[in-house]
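Notes follow the structure.
Chain lettering (A, B, C, D, E and F) follows the sequence in which the chains are written, and residue indices restart at 1 in each chain.
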């Protein structure tokens, strides 16, 4: 099935990595050599990107077969084989790095998300991502967050209304929160909820009175958030954002906020270590030219 | 000047972030509002991506002016203003996240590189990157490594010969190192040096005898690397690779290897924290439609 | 400012219309001839697409100047000059048809929308569009609806949850409405409201109980809609859809529904008649090559 | 077979409709559900676009099977099933609207064309389209005109010479018709006929003397056209254009003109009403990922 | 003005030549160096491609100024300066090869065409090109043929009807010429003339009887062509094609055929030798980044 | 397997040749006709481009089968069948010219290369290409050179360091050769050798002292080249370039230079004459729509 956001980044990634051609492979490996490559986890984590890796290999060579031994979203430990690819050795060698770069990065995002989820286990808070994703990888990283157990904030500026501090600064009037919420309600499609960012409890009150559906509490301390939850009394969803670190996460969740958004899930997650090990394939198979 | 690899990723990043349009901004900020936004470092590090950020803002609106207060490659501390943009408030708000996502990530890469450079100060080792870059951002991240003081390994499979373990596995014969080096010499353009990966000192000897220009020492311990340097006696460049962590880096450099390649510079560098703060702009200026 | 959805369709439209070049113009009109062209309304209606027309002319030749005499969203009568373009006669002749095709179609959509708006004047119903837009013109036609006074339903499958009859059929269980609303609530970003399509009052009840934010009343008669409004009692927004014709519109609005969606605004609006009349331009001006 | 003009518009249409993904379907319909969808005519007309609809469904999911029960160009009445698609329910739901938008619009064009054809039955006049097509859909709408029984005027500015009033205005001299026809003959490829637009019988005479192959009679009344036919005496083809409405069509045809061009076939044809009804598919089948 | 067919090939050519960046120039020439480069003819010929070369330089760097000293279509001798470019030395060095590759090839085509024109001087025959152009350069090479004094055959399969031997073979019936001409007349747009290829005088007769507008005489000898001209008696245009070499050209033209098509103008013309010589530029000027 | 540089140029070539559709074929050949076409060498030469031709036919119609009777790199004489294609007659006729244009041009390059190779048989000189390739066809022509027995110089500005006269002019200092070689060594990736162009023996000495890996001898006469070889004494590779004609080639090779680069291999090779002959196919087969 067509996957929005896959084709463009896979083509771009392969183009920048292959350039005018893989000179090493063409010079050293005969066209007729067939091989089998294994994707092997070298560290503990949650897998994401196996379907993307498959798409990379098959974009390079439609005759490559890809068999997944794990599923996106699955927790694995070091030593687990995630899947294998079989086909022309040249094709495997040419596709390997791009496939791994995607798989390792996305698994890194899923793994980081899972760690955050674990920290809030038993609370009602939902861990959500932000728009601080890697340029070009938005759709893939949002899926990786889901694979790690998290939920998604809006995908783009078009599918969610979030009135931020900079919008309020650009309005500039004292009643800017009220004005912004009302204008958004009047002009945005009726399918969208209205979310607004506040930094004080007074602004929270203004947002609630103006009819905001969701309020983002920016960089509040634990005590402020607790008060915000009480004061809101379920009239709106509350999203905690800013300064969210793993060690502070549980305390935030226990304030009763509905959502905690974490930019680091996507902008600073280290890659998960995964290797690709090739061996000659003795089985017979067709080689596409 | 045309920057290879910029246009495609900037267009892709803006497309995925803006989607069908920035509903919040269109609903809440009048078309005539003009604003000034400041890029502010919130942590210590090395800047990279200011020119890219400028390109993002001007792709969104050619009438935006961008003034850099720092230069790519410059070390900054928290609180330093990196630059300012002035123009239509709507345009600034729509471009902000994509510009920041790039600037923060690239500055993260430059910052990580600078830390590695500091660790080997005074030795002859050159810190180089790998092809473990973010898909779509190869050219930008390679530049960020240079901004951080590092040097670049090959950009793509087309501009360097590097015979790796998987190539050797695909050849499979006992003389695979010799055979691969000779074939590469015969078939690759004469402008390229021949590099081969080895895991033992015996393989290193074979590589040197076969005439390799560069030998990659894969996952060797310090003692093995020291021996490799002695045995090679400047007949080839030596690149240390695999298992390179920041705390082991100086010891590796002191073995006398010429190059140390570090995948983490690009695949696991946390983003540098940079904010974008908007204020109304009272100065007069033209607004492009 | 970057307009999402403009560049691709303008390039596609110009490419299909110009092909390998405008042979007639190249053969008959000297390169040095300068001309002035006037866009003239030939019928009464609401204008939409002047900015798009400008973009078309300037994509063909950046040296063309375009001056609008009317604004998108303005009501005009036959004989009103909407704007003028001045520049190389060759450029004007080559761009003319593509600019007009867009301007006439979009003005047709705005005009049809304004007629629907007039029919519900004084009621609380909002006239909204659908996804039944011209392929490739989604963003432009959604803007034309706004120019005509209407509001937009969601832009794409990504920025609104609308559970339709075919989704319910694909679920298939007796509790399909409840199940679908709950799953959507659990899995969709929190920024989106949940809308579900129903065909009976019983289904409406089920949707309300399940917590739907918006209910689409599909092809209900006036009496059913009136009952739906009463029964809903503001617990959700109600959207009337299906079989909405201009002569039935007021009666529908008077039932008290909040939204009336009309596919014909975009799939069947006749083009507004607008001509482009050229005359030699005696004023001096630069001609871009 | 490669269909010029299909890939770009289908990709653009799917991209704008799917955006970052079909949230409703992903949230409510399991990946394993298979369904069957039927395309059903809800009004009388001529079908066009079934092959395009097939291409849309298979672009979304190559595993979808599409069976047409009617052929492009076939006349149908309300209630006729035009075809069925079978496959993953998610894929069908995601592709449905784009496929329908194209099929309904193209069938609308074919239906409008057939009505015009019926009006001139028994005369020698050929009903032809214009370049007043929907931006991006030129090739598809030109095919729809043929499906409705009409013929095509030129596809683009490159494949026909048509000297229009605006060209003549840009030449400006008293002998502009003669000059334009001769220049076009001298400079255009020899494979193209020369057509020129005239508004008076005097200009017609000039065009014939200059050697025009085809003369477009712009906005002439019936009597003038009759005279034009007599005066031309088969020295050139005559095309009636401008102010062509369905009720005036037969009278125009009976003047003896060879061609009647009708912009409304493509710029103002209402869509043909066609529905897509889904049901669970109990048969076994492979689901592509 | 937008030039159909320029942007895509210029972008493709620059992309394949620059790859990930011009390492030599970046390493050896400072960013601040400004230079002046001169395009110098090293052989006698006709120039074509100066406007294209300008577009290449300015695609690389919008701040480059390009001054042409000759015009496309002008005959030059060795030693003539064709133009100069001034700007950032880096930009000039990076753009140089792509600009020259286009300029030399197109000037080669124009030069070859001019030689063919000279050979038929004083006859009525028109020298025309074919579709045997360089893939991707169709529009540019067709313009180069005009610059050399030749005329263009159709640009693509869409803007001319030419029934060739392989079409006739695919029809297969004894009356294939008649049938093909009539079908083309009935189905092709009325703006196109009908041309058919024949190999014998009997087929020529059949083509004329069927009403062909143009007949292509394939590989006929001089005597046959002379007979064909007599027999046709201006009922159709005659195009000589196949086995047309420069030394046979005048004899062919003197048979009285109207058109002589020569594939070698585009598929085998040697490049015209043109050099690009750089010098430091002492004048002050702005350098775009 | 994905072939870098194929998709873009094949798509561009087909788009420019097919335009809005092959009117001749659509009008004269029924959709159901199947045919067989044979690619036939009409002159002696070396074949290159059969795989590309296959890709062209299958891009037009995936149901076409292509059987090669020769291999790229094979020497053939006039009359040899190179391959056959079977499928829909319409598809074959539409794809024919683009496939032939590529096959003939690439075989022309391979043939020219083979002639140059023959001239240096028995010497140690390697015949190499340049960047003077056809815009858009770099990768294909570089492969054709290999098919003809030659070797490749760098593919792009990114995969080789070659300091040319214009770089030296842009540096401008007396020690420009030394400076350029050292800067390149310091800043270019370690995988690249450093090549520098010289015009005198004094410059050669400077280059060798500076540590150049390869020296390009520009336009030297035979005697100078002989001296250069002696003086270099294998401290660097020597490349002869400029003024290399086929009749001078052997003498150049016998000076002992390592490499001789020849721009004419790609910028001035005449196309190899190859025809495509169609016949009706009586065998049964599926026709893709």
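In this text, a contact is a pair of C-beta atoms (placed from the backbone, for glycine too) under 8 Å apart; a residue touches a chain by one contact, two chains touch by 3 or more.
Predicted model, so just to flag it, every value in this text is computed and none were measured.
Student: Between chain C and chain D, which partner chains are common?
Tutor: Under the touch definition, chain C and chain D have A, B, E, F as mutual neighbours.
Student: Shared numbers divided by all numbers used: is that above or below half for chain A and chain F, i.e. same or different?
Tutor: At the contact between chain A and chain F, which are copies of one sequence, the residues are largely different (under half shared).
Student: Relative to chain C, which chain's C-alpha centre is the most remote?
Tutor: Chain F.
Student: When A-C is set beside C-F, which has more C-beta pairs in contact?
Tutor: Pair with more contacting C-beta pairs, A-C versus C-F: A-C.
Student: I'd like to verify one number: the distance from the centre of chain B to the centre of chain C, where each centre is the average of its C-alpha atoms, in whole angstrom.
Tutor: 44
Student: Using mean CA coordinates as chain centres, what's the gap between chain A and chain B in Å?
Tutor: The separation of the two C-alpha centroids amounts to 21 Å.
Student: Centroid of chain B to centroid of chain D, CA atoms only: how many Å?
Tutor: Their C-alpha centroids are separated by 51 Å.
Student: Can you pull out the residues of chain E that are in contact with at least two other chains?
Tutor: Each of 4-5, 16, 18-21, 94, 138-139, 155-156, 158-162, 187, 189, 192 in chain E touches at least two other chains.
Student: What pattern do the touching chains form: line, ring, star, complete or other?
Tutor: Graph shape, chains as nodes and touching pairs as edges: complete.
Student: In the complex, go through chain D and note every residue touching chain F.
Tutor: Those residues of chain D that touch chain F are 1-2, 4-5, 51, 138-139, 142, 155-156, 158-159.
Student: With touch defined as at the start, can you tell me which chain D residues reach chain B in the complex?
Tutor: Touching chain B: residues 16, 19-20 of chain D.
Student: Under the stated contact criterion, what part of chain A meets chain B in this complex?
Tutor: By the definition above, chain A touches chain B via 5, 8-10, 12-13, 16-29, 33, 35, 37, 89, 92-94, 96-98, 100-102, 104-105, 108, 131-139, 155-167, 169-172, 179-180, 183-184, 186-189, 192, 264, 267-268, 270-271, 276-280.
Student: Enumerate the contact residues on chain B facing chain F in the complex.
Tutor: Those residues of chain B that touch chain F are 4, 126, 128, 151-156, 158-162, 187, 189-193, 195, 214, 237, 239, 258-259.
Student: Mind pulling up the chain A residues that touch chain F in the complex?
Tutor: Where chain A meets chain F, its residues are 14-15, 18-21, 59-61, 88, 90-91, 94, 288-289.
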